[in-house]
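Below are two complexes that have chain A in common, paired first with chain B and then with chain C.
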Partner chain A sequence: MKNIRLLSRVVLKESIRRKDFYVLFVVTAVITLVMGSVNLFHDNQIVRYLKEICLLLIWISTVVIAITMAARQIPAERESRTIFPLLAKPITRTEVLLGKFFGCWIAVAAALAVFYIFFGLMAMTKEHHWPLTNYFQAIWLHWVMLGVVIAMSLLGSLLFSAVSANVTISFVVVAFILMLGRHLDKVALQVGEPARSLLEALFFVLPHLEFFDVRDLVIHDWPAIHWLVCVKATAYGFAYGAFFLVAACLCFRRRPLN
Partner chain B sequence: MAAKTVESPERNRPAHVGELVLPLLLVGGFCLATDLSQWFQSWPGNRTASANLIAVALGDAGHLFANHFFVKADAYFHSGFYPSIYDNRQSFQTPHIAEDSGAMKGQNSGDETRFLAPPRNWIEAFGREFYPSVHTHLSEGGADGEEGVGTVREILPWLKLSAELDPKRVQTYIVTAYWLRRMDKPDESKQVLREGLKENPGNPQLLFDLGRLFLETQHNPVGARKVWEAGLRNLDSLPLADKTNVQNRFSQEQILAALANLEIQAGNTNRVLDLLHQLKEVTTTPVAVEKWINDYKSGKR
Partner chain C sequence: MPIMFQNDSQKQSGNDTEDVLRVEHLCVEFRSREIRQETKVAVKDLSFRVGRGEVFGFLGPNGAGKTTTMNVLLGFVNATSGEAYLFGQNVREPIARQRIGYLPELTYYYKFLNAEELLRFYAGIFRIPRNEVERRLDSVLKLVELEHARKRLIKTYSKGMQQRVGLAQALINNPDLLVLDEPTSGLDPVGRMKVRAIIQRLKNEGKTIFFSSHELGEVETICDRVVILHEGELKEEGSVKGLVDKYQCNLEQVFLKVIGFQPEQL
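Up next, the complex of A and B:
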């Protein structure tokens, strides 16, 4: 446990040194503020379009941060050959991988906190209220989803030879699930066999990342989700995250380092 | 033995050749630009005529995006409860914001509250907890049922964007003006209609709405009559094919009915009967108009 904690701290420190987050945060803030300064029929209470734009940018930014950060962890250690002295210490490969995972996940949590504080402040200046429960559920579910993405990306970094290939494939898969995951069973009904069975199987096998996307509920001020639903979604996310992590550990254990 | 160094042919070339080529290319590019810019200005395909940066950047794709944002405004009106391309869209063929404002004749059928079929599996059922799955209108309380009509303001940014992307789309101005009026913003509503008329001069639908604005918010029947009659004249001057299209017939129907009501209030009996007979010819519900005429004649209305 101590090894995992130490390693995750190293990953966190490294992520603080990198410029990705700062650039993406500034871009998000600038675009949101520019959009917020538009005069719309002399009504300064219009806020939902701004919430939508800001949340979209937050989602894109955090997925970019999560995938790129997780995808380069193991390949960077191998390229710089620091993996050898690391594994020469009393640390197992599983601990290395878990340390990397938790480091990325905590770094992403810090980024999420900054993004959502900005979002909350921006929304509050126009709405004059702060639905804390809704925001907390949105951040929590978002963070659980990013955990699955990070685990998937770590697994990809062990399966694919190049970081770029892993990053591209991870982006495509995440975008596909977020945009189409919910509709796959409906699409399956409209096609013939064997595509139908294939799509239906895919529908049940894929991690439904769209479960964690409650942007529409936050944007349109819907009441908070029932806590039991939130707990179930968290368990669902943890199950898929654990699946990808175990698969990554198995791959890493068998994989030659050179 | 000393190693023999191989010199690159680049190094043997006199330095002044590169220095001469650069200004030569610059002058060549400048000459071509002056020649081509004249041709580009006179080319019918150039887009510099429009001052709208978005319209220039998107070109004809602007119409598609304009429609997308118009539908998005309707999705906002439903607080995000809106069918995707994979759902049954029978009850959302005409955007409700347009139907309510009278900008478009409704073609919706079926139950708008039930476009989501019963869930087929647990994933679909569970997934519905994470997006809006109850039918609401912003004008009737919104998502929590307690929001005032002012929340309809949230549809305005998308309507404004839609109008900027496709300034020739009349419905966008009418819908925007209608909801601004509902939000007690007559000046902004009038401004939107004027912008619409600037882009679509003499459009009968826009004139009808302007007349309605004159009558309802400014209590100015003279102004209303003037613009409605101008609308009727414009409709009459249209070619037959345009005159008989669904939207123009709908506008004609609206203007004739509104003018008839105005004349009833003014007590111009002959004019009322004339307008109602014209209305009977164009309407899709002649029986109702016939009843209106009879009621008017018998003094019931």
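Up next, the complex of A and C:
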């Protein structure tokens, strides 16, 4: 456990010392502030569209951070050959992989906190209230979803030889699931075999990341979702995250390092 | 200043007859993924032992199988057959690496960390107690003459400094066995001299050093015993003095004779 903690701290330090997060945060903040300064439809009360744009940017930015960070972890270790002095120490490959996972997940949590604080401040200037329970549920489920995405990208980094291929495929898969995942079963009913069976199988096999998307809750100030639903969604996310991590550990265990 | 740490006396009072490193009938083959490509045999039936306190030279031309053997010893590559043991533990077990320090051929460290952070990270993996870490940090950084640059990011270091930070990380756990893969390769004469002086000092302190190098003059000066590998096979093994006496020439010429190099081939 200590090795995992040590390695995740190194990943966190790397993420802090890289510019990716800062660039994405500045872009998100600038776009949101510019949109907020334009009085569209001449309606001073209209805040929802601003919240929607800001949350969309936050979702895109955090998915970008999660995928790019996780996808480069193992390939960068192999490319810069830092993996050699590391594995020459009493540390297992499973610990290395878990350290990378938790490091990325914690770094993403820090990024999420900064993004949502900005969002909360921006929303509060317009609405003068802060529905904390809604915010907490939105952040928590968002973070669990990013955990699944990170585990998936880590697995991808061991399956695909190029980082760019893994990043592209991960983006396409995540975007596909978020946009079409919930409609796959309906689409399946409208097509013939064997596409129907394939789509139905995909519907049941793919992790439904859209379960974690509760942006509307924050945008429209809807009542908070039941905590049991939150717990079930969390368990669902953890199960998929664990599945991807176990698969990644099995891939990494006997993989030649050169 | 010696780099002995607490518990050194305990370590040294252990079983003196124990082999620090033992390789038995090691074979490593790499299967090609391409069709019709033959399996490449990198190491063939390699056996040797390294005793406590020895400085052991691991020699061979490029492609002889030195790095592959080192990779097996460090657990990076699994042997096709045969076994290797570090302090009696199979090299497949991570615990076997608790008492070794490894310096790779080229410097590969997290460039976004400074020397102090890097050494603290590795010290943590070795479970060195926090109060002891400070003392070891000061000691190894002083030994490799990097005290002044301990807070600077490694990416700002020169090649020689990076090699010395590599040596510092290899020494942070006060290892009983040091595995050095061409430690002076790519360094300028001053850098080489500094690294060589550190190795000499470690030798004087009684450390076991497993040492791969193409600098045969350096090997002749530092090593007690050598093995010469060629095309994955052990061609010669013995003390430096014994080999020099046997072939009636210096180690470089011994090496060339053993690998069958004829000057006319040039």
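Everything below uses one rule, namely that the second predicted complex is superposed on the first by the 254 of 258 C-alpha atoms of A that agree within 3 Å, B and C clash if a C-alpha of one lies under 4 Å from a C-alpha of the other, contacts with A are read in each partner's own complex, and residues count from 1 in each chain.
One rule holds for everything that comes next: a contact is a pair of C-beta atoms (placed from the backbone, for glycine too) under 8 Å apart; a residue touches a chain by one contact, two chains touch by 3 or more.
Remember, it's a predicted structure, so these values are computed and weren't measured experimentally.
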Most chain A residues touched (candidates chain B, chain C): B
First, second, both or neither for A:Lys232, with chain B first and chain C second: first
Touching partner for A:Val64 - first (chain B), second (chain C), both, neither: neither
Which of chain B and chain C A:Ile106 touches, first, second, both or neither: neither
Partner chain(s) touched by A:Phe203 [first = chain B, second = chain C, both, neither]: first
Partner chain in contact with A:His220 - chain B first, chain C second, else both or neither: first
Touching partner for A:Ala29 - first (chain B), second (chain C), both, neither: neither
On chain A, the residue positions that both chain B and chain C contact, one per complex: none
Chain A - residues contacting chain B, complex: 38, 40-43, 45-49, 141, 182-183, 185-187, 203-204, 208, 210-214, 216-217, 219-223, 225-226, 229, 232-233
Chain C partner contacts - residues on chain A that touch it in the complex: 2-3, 6, 9-10, 13-14, 17-18, 80-82, 84-85, 87-92, 254, 256-257
Complex contacts: residues of chain C adjacent to chain A: 71, 74-78, 94-98, 100, 102, 104, 106, 108-113, 117, 121-122, 124-127, 166, 169-170, 179
Residues of chain B that touch chain A when the two form their complex: 76, 79-80, 84, 86-87, 120-121, 123-124, 126-127, 129-132, 142-144, 147, 150, 153-154, 156-158, 160, 180, 185, 188
